[in-house]
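The following pair of complexes shares a single chain, chain A, combined with chain B in the former and chain C in the latter.
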Partner chain A sequence: MSDTPTHDGPTKGPNRRAFLRGAAATGVGLAATAKATAQDTPDPLITEMQDWASSTGEGVDASPYGMPIQFEGDVVRRNVPWLTADVISSINFTPIHALDGTITPQGCAFERHHSGAIELKKEDYRLMINGLVDRPLVFSYADLERFPRENRTYFLECAANTGMEWAGAQLNGSQFTHGMIHNMEYSGISLRTLLEEAGLDAAGDLADKWVYVEGADASSNGRSIPMEKALDDVLVAFKANGEALRMEHGYPVRLVVPGWEGNMWVKWLRRIEVTDHPIESREETSKYTDTLADGTSRKWTWIMDAKSVVTSPSPQMPITHGKGPLVITGLAWSGRGAISGVDVSIDGGKTWQKARLAKEGEKMALTRFYLDINWDGSEMFLQSRAHDDTGYVQPTKAQLREVRGENSVYHNNCIQTWWVKENGESENVEVSS
Partner chain B sequence: TPSFAEKLGLGRVALPDEIAAWNHDIGPQGQGLPMGSGSVEDGEMIFSENCASCHGEFAEGVDNWPKLAGGDGTLADKDPLKTVGSYWPYLSTVYDYVRRSMPFGAAQTMSDDDVYAITAYILYSNYLVDDDFVLTNENFMDVEMPNADGFIIDDRPETELTIFTEANACYENCKETVEVTKRAAVLDVTPQEEGAEAEPEAAPVEQAAADAPVEAAP
Partner chain C sequence: MSDTPTHDGPTKGPNRRAFLRGAAATGVGLAATAKATAQDTPDPLITEMQDWASSTGEGVDASPYGMPIQFEGDVVRRNVPWLTADVISSINFTPIHALDGTITPQGCAFERHHSGAIELKKEDYRLMINGLVDRPLVFSYADLERFPRENRTYFLECAANTGMEWAGAQLNGSQFTHGMIHNMEYSGISLRTLLEEAGLDAAGDLADKWVYVEGADASSNGRSIPMEKALDDVLVAFKANGEALRMEHGYPVRLVVPGWEGNMWVKWLRRIEVTDHPIESREETSKYTDTLADGTSRKWTWIMDAKSVVTSPSPQMPITHGKGPLVITGLAWSGRGAISGVDVSIDGGKTWQKARLAKEGEKMALTRFYLDINWDGSEMFLQSRAHDDTGYVQPTKAQLREVRGENSVYHNNCIQTWWVKENGESENVEVSS
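After this line comes the complex of A and B, so read on.
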């Protein structure tokens, strides 16, 4: 085996921010660099033989399971230590600023655990279905692989995504403000199929029945799901983006609850109970309830509303190429259906234009949008506004605060503003409404 | 009623002992409560030994660890303190969660009676019962939780979906001026990439309203 380059954290080299500061300090205004200019001297990267064009690269046995090239070492999950009391019941963030398309690489897809990421092998895995069913059942992992399979792509957004931004503009970067999200192609079994295997005749009228789902970890993360949703589109998944779930994402089996808050996507799923009442567990009373201005709180706010964010330019993705053609890109999604359009404003919401969707929006999945502009080097207040196929339009933070106040903690789907400055740097700001 | 598919005959019947080992959830009306009891007095000792290093001797919380008591009447404040006493609607959740998932790092190690005692002590710490109180499966539902009526079912369909619509989406001349009112850089709490230093701030704008970072994912 050769010396395979690996990385276990951010690269140590200069980063974009430091580069920009250096440029500004020496008076080399990047924005002043005009459109493409003629090259005076030949480029040695072309005129001189490069080593990689002469010698050989790595053999095919160098990395049986590869990691990204070392130069992409900053495209990693990050955590914000002050957000939680410790790193076991905590959160980290997907580097959405640096990604494109819609599929999230599993290795940098965010994590949220309440008692850490547990190691549960397939041989030790058991799934129980009990409660108001005809026959309570126990499945092994091998049993699950024999059920008819489905394959669907959905986003998972933590209910707390953007939650730190309710009272102001706090974190500087789309990774931190919007990165409690990932989007994967899942393979698994419809929950309906498993419930039918146990039999639901014993449950009687299903309209007022619930399923309680819990994980194998110490936190259990138990949540109550109304039977209507359970029989609709919920999946019991064991593959994501083509391969087994990652340990930190629930290996070997997790729940997929399309369009609904990430907390309900129970990982390391071990039990499904049919009940005639919601359990009102800790994760649906103390947590994942949304306090309004008058002190009352919403519960069972399951659906994630339509939302979007410009991922580049953004605070972690400064413009380094000067004036001229600029790709504005970002993500949009809705838990109520498919994204039907995205508007972009470069003037803080005074005027809006329609962005281009990379492809037609899919139900409850991330959608990529682009707006190609000719940047004149002046400051911009970049915003994006998602529309979904129910006719819902993403609100401003002021509109949300008008209804909810500032203490909801969860479900902040407000329009985000990036203040793009003349030097190409961006900052997370709020602007007047 | 939906029509159900043929069964595939996969899996096996769960045995009573297996269901008993995993089926521990307790409903808001006390469904599933085990037989047992525990006093405030015993709870104080058990709490001190198993819980107080994070949650404090009086359940008031240590450092950033959750506060289990206090905050009465603060839910409409700028910074509400949400605890068992001030916020949680059902006592069943306390018993269920403590028995299933606490102590943090050594969950499911306490007896049913211990959990009754700890629950009694948390009630006492919230001034909801006297110091001679004994909590049992029989009197469990008699305890009144102050915020039991503090929750409404998701009302976004009525309060939001009617407003945030295509009909109200503006495209031209949507506002006169755009002024920066909050800046994340002023707060400066974002983890920096290695090698990057805090940037000096020059532009005089209004200080971000969020004085302290909020706990977003407790």
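After this line comes the complex of A and C, so read on.
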């Protein structure tokens, strides 16, 4: 909301005070307009000429590339300084609390770097395909533009999204608990097309083969992907939401691995090696494995299971209008397929209502849900629960802890609870269930 | 393409020279990489550490709202100074030649103003519904946020798009001939919901009723819409591609009138009056009517008929790699429904090939098409022809002139021709047919 002061961190105190001011301001407006009919004194904002009704005087040349209006300066990506060690291993979060629909604008899409972002010109870009192929090849960017293209909309979720919540409710806002996600329409080339250009006869039986993918940044961020996935729906993408990828998202070329953890979507993609075994790189051994209660770790946990979150109301999006009609909305997604349904509970999971999906769920893409209620003004323990078309149901945090313990960072897809208070503010809490 | 110098106008000379430089540069890269296999001397860009491979050192706090990388500075909206009279009645064009997919990022979405853009705060926003309603109402922005929302993706095309081409091929680039269009995912409220909130019993028989919609800017831009359309699919929208509308697109609230001319998508929406007759405002009498050969005019020509254009190759997107594999791509749309197919001709309409649609056509939304050919290096007269699910076929310019003459500005949906020369450059031309 443009009229709430900027709050740069997830700490609770400052946010609450800021939101109360916002609530008061908006509340007054509502009271006034609720009465405004032809019989009453008309609202001067509708009946009298206002200064703002005349042109800014700036022509269309003022902004060749358009920017958000100044009043929306609060809808930005935010960092949590204590989460990451330094500038080059850093992360910020998508302001999902303030967005609607399903498309994430690139300007709002979170960034995560292991060795910082790099500035790579198209003319300097090269992509090598080597290993068990008939013809090792190096492609320039101009070469890639000559292959048949596909357009697909997919979500990207960092495996560590919601990772701070394992031990207890910690970050106070959906931007911080669930904001390591974005959803864009990608244009690119099927990885299958490029692998077939290099020739896969040399690889023999493909059933037990892998591709090892790495980026041009200092981390290289190498990951092993089973050949079956590589030949299925993986894209070598150069555009997102119609325009070039942003630097922080891997300009000029990144890998798109639908439904799988974001770390595998290698940015600044430089090399694809066909191998007869997984490489067991640092990024898939010391990291991106799930430590269990007994100290052992699960590995190859690539797929992001079905998950959802209420984005409003939420700690950053208080109810400012008191009781009465209230739009509850949020996002749901599954790495295994399409979202088939979302349930919403206002009593901490005791009872559930079926939410309305804005569109039919799309495979491995964000789905927007709404529940329109008449709020009686009493406190709510707000939850959402996603179902996907494989029959999978999003688990509670208790159910997840039974299987996974509390040592994990990655793959926390548990049901989130917002405690919505009578004054309309919300807080990140846990409920026993 | 990031390596071609900026060209701010549609004038032909400068563009051609600029593109030739671009072509030479990229051509070299191609020749080198075509040979690059394990047997040859490897490309140093893939085998040797490069300066650009280390982090920029900027952390995630550097750009809370992300911007395009500097190398993409050429992908911007452009004005054609001589087209419009002054700063407040002005227009710029979407760089459709450089985009892919179907979503238009807000930063690239064209703007058109009749009295300039205005800067209207959410707190100052009011929407009045009056006229033949049971309860005249005034809504604040906070009020609107409490009604059930919908998400829909629609194209917006200015009725004057391609309007400069009636008398002959004039503007040299798809950005300038077809760039008064964008395609976004809108979040908003069904207009039907708000009209029913005000109550329509007072209007009696709705079959012959209209709504008159106007904006808060100095032009007011009033337009009359038949009640049947108003109650069908019109949205009162406040978000596009997930985030708030931009100032130039009507922040905080605009009307979305699917498939109908852009001028009716009233920005800074301030009033909706239910009437028993069309208002015949300036915007629907002296303007937005189609003057025919005999001097009479067609009015109420609201729907944007099926249309398409090849975006690449095109005058701003030359072929830089010589003969061989070539991706031909473009956009198609229809205000009457979904695109059912697109044909592409390389010989000026003598023969046609069926293009590949990136996704199944969606109602009143942009559809991306591709045709992958093996270019023999000879000149082409490149055309695309759209079909929609009503059976309508996009006409040639000759067919359109027979019916409409050459006095029109609006609703030119004729087939466009690009003359692609042996050197890969293209020019806007007409072919006799």
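The rule is simple: the second predicted complex is superposed on the first by the 388 of 433 C-alpha atoms of A that agree within 3 Å, B and C clash if a C-alpha of one lies under 4 Å from a C-alpha of the other, contacts with A are read in each partner's own complex, and residues count from 1 in each chain.
Here is the rule we use: contacts are C-beta pairs under 8 Å (C-beta built on N, C-alpha and C of every residue); 3 or more make two chains touch, one makes a residue touch a chain.
It should be emphasised that the depicted structure is a prediction, and the values quoted were computed from it without experimental measurement.
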- Query: Looking at the overlay, what does A:Ala85 touch: chain B (first), chain C (second), both, or neither?
  - Reply: first
- Task: Classify the contacts of A:Asp372 with the two partner chains as first (chain B alone), second (chain C alone), both, or neither.
- Result: second
- Item | First (chain B), second (chain C), both or neither touched by A:Thr193 | first
- Mind working out whether A:Val431 is in touch with chain B, chain C, both or neither, as first, second, both or neither? first
- Return first, second, both or neither, reflecting whether A:Thr291 touches chain B, chain C, both chains, or no partner chain. first
- Task: Identify the partner contact of A:Asn172: answer first if only chain B is touched, second if only chain C is, both if each is, neither if none is.
- Result: first
- Message: Just to be sure I read the superposition right, which of the two partners does A:Ile279 touch: chain B = first, chain C = second, or both, or neither?
- Response: first
- Does the superposition put A:Arg135 against chain B (first), chain C (second), both, or neither? both
- Would you tell me the residues on chain A in contact with chain B in one complex that are also in contact with chain C in the other? 78-79, 88, 90-91, 115, 128, 130, 135-140, 143, 146-147, 218, 270-271
- Query: For chain A, which residues are in contact with chain B within the complex?
  - Reply: 9-10, 12-15, 17-18, 21, 74, 78-85, 88-91, 112, 114-115, 128-131, 135-140, 143, 146-147, 158, 160, 163-164, 166-173, 176, 180, 193, 196-197, 199-200, 206, 212, 214, 218-220, 222, 231, 270-271, 273, 275, 277-282, 285-287, 289, 291, 293-303, 305, 315, 343, 347-353, 381, 385, 387, 390-395, 399, 403, 406-407, 409, 419, 427-433
- In the complex, the residues of chain B that touch chain A are 1-2, 4-5, 7-8, 10-14, 18-19, 22-23, 25-29, 31, 63-66, 75-76, 78-80, 82, 84, 87-90, 92-93, 96-97, 100-101, 104-105, 107-108, 150-156, 159-161, 163-166, 168-175, 177-185, 187, 189-197, 199, 208-210, 213-218
- Query: Which of the residues in chain C come into contact with chain A in the complex?
  - Reply: 1-3, 25-26, 29-30, 32-34, 36-38, 42-43, 45-46, 50, 52-61, 63-72, 75-79, 87-88, 90-92, 98-109, 111, 113, 115-126, 128, 130, 135-140, 142-143, 145-151, 185-187, 216-218, 239, 241-244, 246-248, 251, 270-271, 320-321, 324-327, 329, 356, 358-359, 368, 370, 372
